[in-house]
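Each of the next two complexes has chain A plus one more chain, namely chain B in the first and chain C in the second.
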Partner chain A sequence: MNQRHRQTAGKAWIPLAFLAAYLLAFFVLPVGKMLIAGFANEEHQLASGSIAIFLDNPLYIESLLNSVMVALGASVLAALAAVPIAVTLWRFRLQPPLILELFGFLPLFVPPFMLSLSLQSLLGRGGALGMVLQTVGDLDPALWGLPGMMVIEAIHYFPLVLVTLVLNTASFAQQAHEAARLGNSWSRLITRVFLPLGFPGLAFGMAITFLKTLDDLATPLSLGITNLIAPQAFFRVSTYGSQDPLSSLMAVAMIAISIVVWIVSSGFVRHGAIDWNPASGGRTLAIQPAHRRIGMLCLAGISAFYITCYSGMILNSLAGIWSHTPLPESYVLSHYASALESETGSFINTLVYCGLAAILDVVIGLAMARAIEHSPPRWNKALSWGAAALLSVPGVALAIAYLQFFQGTQLPLLGQPLDATWFLLPMAFSVRGLPFAMRACAFALQSLPAPYVEAASLSGASRLSIGLRVILPMMAFGLTVAFLICFGIAAVDLSSAMLLVPSETDAPVSYSIYLHMQTSTGRGTGSALAILTIGFVALAMSAFVLAARRGWNPASSFRRIMFPGTPTR
Partner chain B sequence: MNNVRIEADNIAFSYGEPRVLRNISLSIEAGELFAVVGPSGSGKTTLLRVLAGLEQPSTGNIRINGIDVNAIPLAQRNVGMVFQNFALWPHMTVFENIAFGVSKRMPVDESIDVRVERLLAILDIAETRNVRPVHLSAGQQQRVALARALVTEPRLLLLDDPFSNLEHGLRVQMRHDLRILQRKLGITTILVTHDLEDALCIADRLAVVVHGSIRQIGNPTAIYDFPNSIEVARFVGVENFIPGTLKHIESQLIEFFSPDIGALRWPMRDRPPEGSSVLSIRPHALHICPIDSFRDGRYSWIEGGIVTSEFLGEVVRYQVAIGNTCLSVKQPHLLGSPATPTGTPVLVGFDPSRTRIFPAARDDDAASARD
Partner chain C sequence: MRSLACLFCALALALPPTGGWAAEVVLVASSFPKEILSAYKKAFDEQSAEYRVEFVNFPATNAISYVRDRTPGSRPDVFWGSSPDTFSALKRLGLLQPLDGFGNADIPPIIGKLAIDDPEHFHRGQALSGYGIMWNKRYLDARGIPVPAAWSDLARPEYFGHIVMSSASRSSTTHLIVESILQGAGWDAGWALILQIAGNCATITERSFDVPNSITRGRFGLGPVVDFLALSGKYSGFPVDFTYAWPSVITPVGIGLINGARNPEGGKAFIAFTLSEAGQRLLLRPEISRLPVLPKVYETADRPADYPDLFDITRSYLPAYAPEVSESRYQMVGALFDQSVTFRHSELVAITRTIHEVAKRLQSQPDADAAALLDKARALVYRAPIAENDDLLARKPLKTRERIAAIAAREAEWARQTDRNLAAARSWLAQANDRLGRRP
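Showing the complex of A and B:
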């Protein structure tokens, strides 16, 4: 190997070393220490004391089982609702427009407690529909208990399950239709083609629903449900401090359950035949108007249902006086003004935390994607899945791990304890967003094939010029998408935020919304904040669609980014 | 433009095991259009990348005008390259693509605008000046890529299969235009292609690369007519290889015996060594006649039967079974005449002087070629 090669190889180790240091400091060591803490006594020896306490307390066992049941129930409910609709769309070959497809991913960028609060405003005793339908019974979701939470989580994640199912099967709708015209029955096509093809998507959507529901802290608290494992862990940390071994044990239990679910689902996702690109070639059969109408009716019905679900929050954000009447007595915009005025701090906090997390994610994701791309083929798949497995670390568990690991650590220069600052928030957000960041960065790298850089190098331009004029512009779109995805995912990560936020003044928007909604006087402002947040996400997605229409054609890339662990090419 | 002579001595390269290039030595004259051809995966693109400086050879030296360039940084080598997929930067206009880098390299004796405009005019793409590559046709993209490679007045122009993305008509036009331009500029050019027709049409000389080593260098007609090995013969379109035994009969007479075609004798001045050999014949060097035809004494005749026929337009390709051997025969298609039916017994005739005889490949040779 000549000197130039040795120099290049030497330089390649620098980002890898940073990557290893980051993963070690903000993932491996904190989680490792928490694992040990869950199974060790005060002398740091392996002991079964905390396990015995955990097993002896029926509340903890019940909470653990409830969490699994609610998460499982939500996934199954979402799947049960999604399958018939996906079959209908497939049967009538109706591919949802890109914007609706993107809105299917909205559950990842909007916290589910917003839906819970909206439904409470809508169906609660003093709510719009609740008043009208009170003769039928008490519809307040807060009174439904665990089934209520199950239904809310299912409604929240249903679009994600539906869109993953639709994306997995859409490529073959045309062939299925032709097979049906040749005499194959639709029931046979659905059981032999649709379900096997859709299963990877369904498994992925259900896994995400399960993991997010298990990790959800704000929704059960907003519903007054505490007999779940995440709220119990939260209460233990709030009451006994971060070094409480039982909270570690609960976090470990959450991680263990998540890993099992992730492994099971990844088995299905990995072995599924995923064709990301719509079938090309051949004559496209015209869709019958009646079929189109049925399909559009389905999509319109779903859209109307979600607008109704969130109408409680919309009404709240616009209500002047609203007390024991189906609709507000007066409408004002003052809540929006108040939200923008009084919550400037939380907006800035969100920008800082999520912005930092997203920048970190893009940098780390790029390094990881590049390392995986250049790894030997036998390592490539394992590394991709290893990185994707970060999805199975719940936010609550990561936050507890951070609080334990960094307790007593002083921030250099400032001389403050690390856990008393907001510094841990972006770090936790970045670890949680990493699986998606890595995917997005892998696509950004693919948008810059080697010959484009080589052509620039041969032209004699300087490295700086090549970086600024070729590499950066060509990867800009992919990196922007990566940044936005990570920013969005960080912005809704309330489970980590609720444990790691040092004070209310340091709260990000999602936490501020949650705090506002806890008080009857703050509901208007909280709702306005929530609507502004959802509006921002919708705006970002629309911008993405506009960019797609301008010829960037990132749609298929976006689909791939949202399915961590699946092949990137 | 600068005319330079390129020499490569014992170049070897590998991405690991096995080696991609092995003991490559060649010399390309100033102003020459030199083609490197070979089947897919033979290492020809890697050779081009090594010559460009995009890859560092494991061993060996590359000299440009006698100066070793191994240690010279890529940006200072002054090499222009057209990539197979053109690699035009999609966010830049045609003008920006071409002008990129021009200001950084040389003392510019004319403004960048003038230089780029001149190239745009020469390559007949002036109207695309402000267009982005995505809106260009494949032919226009190729011209832009060529202009970008030429704008810095490189000492050496490298073309990596530049015609592979073009449909046939445009391909013919583009290689014709490229040849004219290359002659006009007098720039030393290396063309890598998997398409023999491209290389034969425009190259002054060509090298056939197989399994990472150069098997033959010569001008197009020499390579086509006198391939020096079975691999080269196979690459230049020889389809029939009949194994047999060669014997020297008299001073300039040889006998080739194969169980299927029997013993054939003909005079040959440069006799190949005796022993196991392979007789190679091009499909269009064979003639088919009805079995009871007059046997022209200029040809050697073998009896066989037609197994299949394919109508290819200008020619009809027959597969003729002769014992256990199947020969591919191409006959010109005559207006209105149908193809000879399958199963018809025929005479296959050939002029032995138009055949080539190669020593049969030994197993250890084949193994070393695979390494």
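Showing the complex of A and C:
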């Protein structure tokens, strides 16, 4: 026993060293070098030169303020829309079907610039609603300026805010009804029960909306908005190269804002564990048909709204000639054919990059979650949120840090500069997904009761078989969730991809869509590609729901531990 | 540990994400749209057993730093683009290899007044590009807007809010048009015109291709483009048309072999293919619609009836464009454009709207003082951001942090100056409006 312990201790440093090397090479050193580049002069002394220039330029101050304002506006708007609907669903005890709940996470898997381009087709002067309503005024979102971007981001992230809110409150809807029957007024229940319960979820959803909007590059560029900090940094890097000290400063400013937002939201998220597990909550009280109808109407209304928003893109993907007429003159399927023909490569690229990133995330997220779990309890929360805050580096900032840090690094075997290969993309994606991976992995760890492991090891099972037969089955659900989340986040990460993609053939699908949307003859192929991607994500989610419903019952893994004799398969 | 092993397996399996290693890769850096690149990739890969081509696609404005920042032996093999300035810079920096004893003998070295190849053979002409204005016929008809003929037409009030253009720092096409206006009309008058056109723009797009894209769809009415983007829309059946506007520029599309290429032989094979009859014929496809430099190709019947004629276009060419002038101040003109147009576009549009309104009121009720205020405001708003002889426009090594910081300091100065100018112009326009308002 003693020997075994020593053996374990001897081996434990290997994963730790791996973890440390990864964090050092792909996070600490690049970001550290960027910090130095922002604040030091050529002789590596602390200098305020670039800070003075940054503060001296009204454009940069304005961009910084605009970025914060748009991000804040988007998250507040999304929350304002989500709260009444969540209250309605809660009041009528209507839990949306699992698939709709999962679709609430769709905003994390679809880049928001698609919505912006779809609305341009729908509301622009060239066709559809925008043309019909031209007499009322210009509806083209590119002409709305910053409020336009705010609204688009709010529409995009609204389902996420709604779903986190619903998941956090749903399990207490039953008790609330009991309380209401005992004479408590609904307004009192909403302020005393719903809001306190829902607040962690709301804060989480709003924080994600804020951070994603702050970091968004493709959406403002598609709208022609440049007075934001992310596009400013992007323009500077593309004009002056990655050694530009001001873009480092902009990246540092973005990191600082992100950290503040994480810390503020962590203050609200007291028990942040979102109720991922679909099997929770039983219903005993019957729901009145009228209430069900109102709730369903709500959900149907939301669905219809989103289909309308994306109809511009759907029409584009099917349109032959569509120029300054309300509807296309002809419909073709050739855009889908050409998307499939020319872009299978970018689908494969996405699978490879995001798959790699997500595997890394799960492995590292698990290691970090475990390390945090084993730290003293009072440090627990501070550590986990601290790590998450540090890791929530905006994509633009991380890409700039990588470009600076890896510039000139040659790849040993291929004889290519590192930044000319696709290698940095999955690395950047994995760092970006890590905060989410940590939360999901921490959840997975929570579903692993220590007594079972102890019991198994006392009964003489080997470490390998404990891992395979106890730990893995019990954590499978959580780890799959972690993998899917990280994969999805990587798949839409255009902010870092736009700066790091080495060549068009190495582009992930989200960037290919962005490029295809800007070809000279319409947006057919890009739209078709976007629809295919959304379809693929929706299909993957539905498959996940089916798998979770069928046999993937956590109960079966319990049985295996209770009765060690039963075969694993 | 198992996961670690899995990770390495996945890494090993995933190394070539697309394609195989069978054929040697030719890496071509280009700013062309996907339609052209995919057509050439397909045709080249089919006819070559030895090589397959891959493209790095980015705005030509970034080409120089992209090539220079890589060590010899790890650079792309070929650069292919429409911007003569980029070729001028690549040649000056020693980033191109001469292509002697190479090319298609049937391509004339000079067409009309235009030299197709580089005199020292550092790059070859592969096609021609002309620059002009594209418009959507339905859009203009629906609003009763006349078709423009010259760049200066775009500054007229009837085009306010209907023009779309890209940024000179992000689009080499826009950069070339901006430079041709600056060289054709002179620095000060040129900037005045550019700023007025920009004030008439509905939006400034991030990539060149979004300009023809939003015109073909009828989202906006008209804009400055390179001919083939307009023609490909026209020959694909969209209600759009195009004119070579004055001061017009025709430039050869260049292709050159990079000095320090990874695969120079493959690069030569690709260049030879683009100059061959098969490679030239690809240019006539409706979705590409470029002007080939091989005259023989025009004789074939597989092009639309009103396709531009090679000798007609080169006859009308105004040989005023000096690529070496443009190249020497390339980055700064882009930066100036961004500072005074891209980043200040909403302010520029707002004040241009007021200027048009005051001018219109003045037509119906003339007033000398208000007219003087309007002229003063116009002069200030549409003023060249810096003087042509400014030290910043002289060619200097750009990459040092010191120099970047110096430029950034000047940019901060312009930003504040622009804000002050706009505030002053706004108050003058308000005064002019007051004067006109007081009259019955």
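Operating definition for what follows: the second predicted complex is superposed on the first by the 470 of 569 C-alpha atoms of A that agree within 3 Å, B and C clash if a C-alpha of one lies under 4 Å from a C-alpha of the other, contacts with A are read in each partner's own complex, and residues count from 1 in each chain.
Methods note: contacts are C-beta pairs under 8 Å (C-beta built on N, C-alpha and C of every residue); 3 or more make two chains touch, one makes a residue touch a chain.
These figures come from a predicted structure and were not determined experimentally.
Student: Which partner does A:Ser323 reach: the first (chain B), the second (chain C), both, or neither?
Tutor: It touches chain C, and chain B stays clear.
Student: Is A:Ile53 touching the first partner chain B, the second partner chain C, both, or neither of them?
Tutor: In the superposition, A:Ile53 contacts chain C only.
Student: In this superposed model, does chain C or chain B come into contact with more residues of chain A?
Tutor: Touched residues of chain A are more numerous for C.
Student: Mind working out whether A:Gln518 is in touch with chain B, chain C, both or neither, as first, second, both or neither?
Tutor: second
Student: Considering only touches as defined above, state whether A:Ser238 meets chain B (first), chain C (second), both or neither.
Tutor: second
Student: Just checking: does A:Ile14 make contact with chain B only, chain C only, both, or neither of them? Give me first, second, both or neither.
Tutor: second
Student: Using the superposition on A, tell me which residues of chain A are in contact with chain B and, in the other complex, with chain C.
Tutor: No residue sits in both footprints.
Student: If you look only at chain C, which of its residues touch chain A in the complex?
Tutor: Listed in rising order, the residues of chain C that touch chain A are 1-4, 6-7, 10-11, 14, 17-19, 27, 33-35, 37-38, 54-57, 59, 61-62, 65, 69-71, 73-74, 136, 138-139, 142, 169-170, 202-207, 209-210, 212-214, 216-220, 229, 232-233, 236-240, 287, 331, 334-335, 338-339, 342-346, 398-402, 404-405, 407-409, 411-413, 415-416, 419.
Student: Under the definition above, what is the set of chain B residues touching chain A in their complex?
Tutor: 52, 54, 56, 58, 70, 74-81, 83-85, 87, 89-92, 100-102, 104-105, 134, 148-149, 152
Student: In the complex of these two chains, what residues of chain A are touching chain B?
Tutor: Those residues of chain A that touch chain B are 1-2, 4-5, 449, 451-452, 454-462, 465, 469-470, 473-474, 551.
Student: Across the complex, what residues on chain A touch chain C?
Tutor: 14-15, 18, 41-42, 49-50, 53, 56-60, 120-121, 124-127, 131, 140, 142-143, 145, 221-224, 226-227, 232, 235, 238-241, 243-246, 320-325, 342, 345, 348-349, 352-353, 355-356, 359-360, 362-363, 407-408, 410, 415-417, 420, 422, 467, 502-506, 515-523
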